[in-house]
């Protein structure tokens, strides 16, 4: 089952544990990952480091691609662009990855990263990139 | 002195400590940062997570920009694109950031990330992006 | 009136005339531009050149930003990334630009380019970039 | 012979003729293309349209990739990012494309675009992207 495969793969990504990241949801062509802004995930002004937004945005996009792949395939990021829209301040970050166009050789993906503060959510980063299938 | 300012700022970026990153060198318009591939910085196949290359590449590029800024300014990443060329396998990673075009409003930067194995070094990632000055 | 300002600016962009591009619609924070695939706008296989998708996608995104600017301002592209999803084949191309986040110093924009064939439309390119305000 | 193959392909790209673009040089893994700033290639302030820099930068990068491909292959742009550093003003533009990393599935490329005015040359755009091989 795809959700289990993705959870297994995620569990092996030690960087995700280091950052405290967790799956929030998995759907066909879309995956959501959340992460607290840990004391060890900050830049010099105390808000989330850009690398935290990148890490969970890229992973959400990659796992979104993986939901559409055959069982013997994995994906790798070929390239990713991130625009940072606002400081990563709040209770936690949440990244939602989405497949824009699946393909046999290239999978085009996007992700949005929101900072969550209580009931509020604010878009803080936008990612657009390319995943490539690799044999598992 | 610019090197001290940069080392102070770096020391306040807890994400850099989490990833074990260190300054390797600071020059005018160029900064080099190295990082081990810690057990907690990996993806599901045991090599460096793309977010590690992004983190040190983006920081090297940002601090390269900072070397050209007046004392009362800092910089922030507006956008960054990373192409991943090869898996991040080796003893450590080293990112070299460089200012391509300084400006009052936008500073265009690039960074290269190499994986170092003994005497060997292999280019594993290329970054191109924009830093913006902010009041310190 | 904003639509007139945009039409005047567009009329001065000789590249848009060269490519046969026209405004399809102008809304607050969104602009649509269409262009035929002229005999002189093609790549070596006879479909639309990537530069045509870029040209109308970038312009649609830039004018989308301009709809939100004060009268004495214009915008300039600081950076733009395009992912090409499918060949540009069809009767015409249509680019829809959208402002994701307006700002005093940076305006984050996206654009989608579709190829139109009769009633069909196919997403062929996705753009994500940054516009900067400049004094008119 | 590779130079002839590239000149033949270039001759079939009608967009290059529309923009007045010409090959300046072809080497292994690097290609240079120049273009005048034609009256029909401008933006609203009379300097070169960003799409002109994109068009010749992307083509120079693509043909640089093609110099490394077997005879029965062509390349296509998968994605390209452009940072615009300065207005495209001068006698002409010149784009130099370069292969950073060749590959069987992905070829990572960069390009620089300079504006030439008499003896002066000024870097006006930087591109970084991915080409994919396709059967000819």
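Just so it is clear, A, B, C and D label the chains in written order, and each chain counts residues from 1 on its own.
Everything that follows uses one rule, which is that contacts are C-beta pairs under 8 Å (C-beta built on N, C-alpha and C of every residue); 3 or more make two chains touch, one makes a residue touch a chain.
Keep in mind that this is a model prediction, so the values were computed, not measured.
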Fewest touch steps from chain B to chain C?
1
Any idea whether B-D or A-D has more C-beta pairs in contact?
B-D
Which integer distance in Å separates the CA centroid of chain C from that of chain D?
21
Rounded Å distance, chain B centre to chain D centre (Cα mean)
28
Can you compute the centre-to-centre distance for chain A and chain D, using the mean CA position of each chain? Integer Å is fine.
33
Residues of chain D engaged with two or more neighbouring chains:
78-79, 81, 83, 130
Okay, in this complex, where on chain A does chain B touch?
9-10, 12-15, 17-19, 38-45, 49-52, 54-55, 58-59, 74, 76-84
Per the contact definition, I'd like the list of chain C residues that touch chain A in the complex.
81, 83, 85-86, 100-101, 108, 110, 123, 126, 128-130
Listed in rising order, the residues of chain B that touch chain C in the complex are 78-79, 81, 105-106, 130, 132
